[in-house]
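Paired with chain B in one complex and with chain C in the other, chain A is shared by the two complexes that follow.
Coming up: the complex of A and B.
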């Protein structure tokens, strides 16, 4: 009796779809997760003795400081843009997201190119002013340098989510605090930070995940982190078992972080208290304070976007003639094509899973939401191997079907673009899912329940009531995924079909060969297309508000 | 009504997945038809390469023009491509594996990814120590791992061998990149093969003690650090030095001009040399074309282009190195079958870790 009741309550098309999607997409990551418990071998002893301690230390240090600084910068910017008037405020609203358009490893190459011995800084000092500075001052290829690179190119995750929250949620609280005589600092630390906790942590966990699975920046800077150990074990020692053990440890760290987030969030509900959202009116400051504030915002924008952009532009002009070819049109097409398809698929899946979790009370529905990040928590190359193995297995089992259809080829699926897109979806689901989840969190269940009480079906309610309310979140998630896929490298390198190149692999082709100047054109195109998508996202949202 | 919408949604999703999967399979030119005519080549050769040079692309085009055989390429990183080949097994569509380190080529052989090839042309064009004993892979271009030094501070007489860099006078003056780097791994592997593991470890320890700074950046960065005064001598590949001298950036050219080139161990074991090379995969579907392709790349014409445009030494003894390379002089290379580099790679990596080489 209870079983039937349970089934009637919990099993519907949403839950079934959710489970299927989750299992399908996470099978590559899950297969890795379960191999942590394999018996260690002799390489493992070597890794433990000589590498592990140092690597974990470095990893935690980078993660901690990048997280901290991203939060400070992201939240302060979000607060300033929402609460105060200053010049170019309307531009900065979306301009401050632009650093996200620059892949961190390209940012790292660019900054190193600026500050190294032949870079514009030192060579200008040398040639124009005859000053030979101590090159050690210009060294960014170390842990602080990596923290700088990650922070300046990833803080927008915190900024976007926090700003959206502050804009819509905080008006009454902030105005009350002001009325009660809170100074700006008190307001920031005692009101803004606590109330936007969920948004901040959501953004910061994306930053941290991105840092944890990065390989490009750390390997270029020669910093040894857990990812380095994974690659050394896998490829240097041909020891898949140890590599996967390490990847499993990385996942364990990720889960610890996510668990902490859940604990921190506690039982607080952050749903709208009423349907009418009143935006916060920005106030004017004194002249001096406005200048100070503008200076700070401009400084972050300059470091995160303007400087690398101008440098890449100069390099592009330097190597343009050598590099450019009609192939670039194809590259642009390929990049945009896979990014659009992946973003589209991810948003559909995110909506299905998100809606299912919201409407269900069972604990395993929460578990589903936690595992969506699995794919985002391990280095791309490891995920890619998981996906490849999965597709080859599919091909093997579909072989009889191929023969029946008269196709005489051993592998079909694992040569196509489908495998690559599947891998993107598996990896970036968290990026698209997070905003949707937050969006559902915000609207809560009351509107849905009201609609259901009035006799509207679950499906109709979803399309007529829920979806319009979280439209912004869906669009935001779409844009983020689009940008991520544009920038993606390790999966693309491993799973590309024959003769399929993207802007990202083209930039890598040069950068990997230490030809940073030649990589500029492809890098610029990635940044321009991603930047454009950020602008469109912003423009559409603004239009909706009116 | 509602279910219709849902059906539409899921239909759309599966359609797009399916389209993505199948639609593009047709684009991966010729791969589908390749196995239709297993006995007769289908006019393509499929390549997995970790080399990303424009010279290579130009040579591939030239090959297609001359033979009508189309070259399909996947460009990735060597270890990942090997992993992909392993996982694909018999089903693979790749006919050739092409990479820039002899150690990795030897590994590919050890993992059973390659097959032996009989070709008189290749045997004539590629000297014995630059190809596999079973002809499973063939070196195509050479690079030497040399010492570059600051001309204003160091006399060439101060330099002699790799081993000498571990002596007291070089304390805090040596620049070399991280142990992650495959060229360094192969360098240490060559020492294991020539001098034994103990000597190699002693050397690694000595280098770590004498490092001017913790390893960071690529080969070019080591050269720049010498000119910047961080150290006096750097270990780097001839290939990157050639690139630096011919950079679009005038500042980089200036750096290269302040550096001297030194070939170490001329009186003893010889300078370390590594190759880029390729082998036919075990399950190649277009074996004849693959061999033709290798023969083409080892031909005098192609070898000349590698050297002129990409600053690599030709393996073909009939081809003179480009003018720039020739200007550095002739040198004695390590007398070593390069398979040894792969044999000792894992040992080399462990030993560098133990020595604290970051």
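Coming up: the complex of A and C.
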């Protein structure tokens, strides 16, 4: 193709900015990629020989069982809520999503606080019933305990997607199976599970990516996995090279999971058929079965939300007078401050890239959109290591510049808040981008074209026409990013500047310092804000889809 | 000659066959031209090329004596002085009727905006509807707003892509005749794209018959449509 023609067609301020943003977003991953093959040091030889196998085994074991149990719980709940009548069904339809509002690391120290020696469970047994049970029975700080925590707080991903899928299935499919004599169990395993396959895999891979991202639960429980190894290499031994290699390994596992998801899902995307099908009507069961069903649903809701929520509430009431202080207000301010800035930057980048992809037929636009959403799959610790090494590299090179210019008070980028925010942007861009992309998709191109034919430039059109038309999506994306940043733990722990804490890192620090009760207020705030995120997601974005 | 396409060739990305092949046509000032052809024959694409929404691979386009496209030039759509009425009207939902119509008046002086608004509103018969939002109007009214919006900046030429396809049959005939009257009264050069022979007969001074991206024949409606 003629070069001048190509430039004229594809090079404008939007495409240039998009490419620059994309390269910036990619830089942490690239930074890791380029350094992963560097010559290993002694420490790495030690890790590789004695520890690595254990890290990988533990990681895969937790991933596998959490995935399995999340599928069983998520799909069964989705099916029960869709197909059967039972008391409070309408409430549970939404209520069963609520465990998602409790970040697993908060769930972990709350549950530990409940079942440990001084916790409400054992002390009640001791004081009221005079039973002193073997404390080993109550130890959840192990791999099964971690699997329990992850499952009970993350199953909603599977539940939400599967329920949405089942709701759109035609009633006749299920009725036919019933008429052909399938009992409920057979119906569930032979019909419901297979037809929901794509939805289940989609939900399960979200669960698994969250598990791989986690640092809080495993480190609190003292389980050795790849993420905790990254932290040890970095903080414990200042061994950058090994941290990079471990991060590369974790990234490889993530890509494997993403690849498996693609393969298992097959060519079928979620088929949201437009045909007017008769929706599935829930049916009534016998009294005994209804009680059983209700018991099961109630149990999951209680374990995943009610128990930790009530316990945190009680701890909060116990300690808030002590905890609330100027320092605590500073904490809130810090969290809000970094969240607002990150959300703001992310939405600007999302709008630029979204608009570029929409208006461009160029071969790069697909690649750009892939890269944009990639960050969210990459664990926070990996991004943090990538960003750190990238900034250290920048600092080294800037240092030469400073020396040459004779500046003696250089700005060291890798010590500042900018690095943390850069990492947030890289990790959470997808969350802001997806609603913007959907919004642009919905309005199409004809409004933009109409505006240009009325003599308005591309840039002016963006502000006068495109932006006002997708402001709902922009607002939704902004809120979701804001909340994700508020909750974030592993990346923040690695990159927060000296003496800078957020609500989540402070809560985690309290818990690690055996001050679980003091962590309650910060935890409660995070949970309330996360709950809001669920509301925004469903209220604003569902509306946007229609 | 107000507009000329000379030997224009174009294909969409990812398509092997040429969507438009060696197409040439010209128009006189004030003429109403209809492009008739089956779905997929490339009619909309011709309009998009004239408007500058797609870039030809080869050929030349001139409007009002200045070159819009050749090997060295490409004039952006906002600088072409071409108006367009879209199939789905594309009225900005966040602006009132008045806001939509005034949107293209940036080159006029502020003081003239209201005057121009009043005169096109009058022309399309929508007096009293200025403050409404597009979703508060009927299909026929929306179309007239789209026409008024396209006319307001005084373009050299207005393009209509299947303008009647969203209207029910009764309205279609009424609006068709009205539209011809309005366009003739204002002396506006225009191209209509349609796949309906009756439309073409009722509105056109001249008809171009298209097939597979090239012109089959051209002439007066009586000559072409028998």
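Rule of thumb we're sticking to: the second predicted complex is superposed on the first by the 317 of 546 C-alpha atoms of A that agree within 3 Å, B and C clash if a C-alpha of one lies under 4 Å from a C-alpha of the other, contacts with A are read in each partner's own complex, and residues count from 1 in each chain.
Quick note on the criterion: a contact is a pair of C-beta atoms (placed from the backbone, for glycine too) under 8 Å apart; a residue touches a chain by one contact, two chains touch by 3 or more.
The structure displayed is predicted, hence computed values, not measured ones.
In the superposed model, A:457 lies in contact with both chain B and chain C.
In the superposed pair of complexes, A:118 makes contact with chain B only, with no contact to chain C.
Ranked by how many residues of chain A each touches, chain B and chain C are led by B. Using the contact criterion defined above for the overlaid structures, shared-chain residue A:194 touches neither chain B nor chain C, since it reaches no partner.
In the superposed model, A:465 makes contact with chain C only, not with chain B. By the touch criterion defined above, A:449 reaches chain C but does not reach chain B.
In the superposition on chain A, the residues of chain A contacting both chain B and chain C are 457-458. Those residues of chain A that touch chain B in the complex are listed here as 13, 17, 46, 50-51, 112, 116-119, 122-123, 132, 135-136, 139, 141-142, 219-222, 224, 228, 231-232, 234-238, 318-319, 322, 341, 344-345, 348-349, 381, 384-385, 388-389, 392, 395-396, 407-419, 421-422, 457-460, 463, 490, 493-494, 496-501, 505, 508-510, 512-515, 517-518. On the chain B side of its complex with chain A, the touching residues are 1-3, 5-6, 9-10, 12-13, 16-18, 20-25, 27-29, 31-32, 34-36, 46, 52-53, 72-77, 79-81, 83-84, 87-93, 107, 111, 177-178, 180, 185, 213-221, 224-225, 227-230, 240, 243, 247-249, 251-252, 254-255, 345-346, 349-350, 353-354, 358. On the chain A side of its complex with chain C, the touching residues are 5, 8-9, 361, 446-447, 449-458, 464-465, 468-469. Taken in their complex, chain C has these residues touching chain A: 13, 51, 53, 55, 74, 76-84, 86, 88, 90, 92-94, 103-104, 106-107, 149-150, 153.
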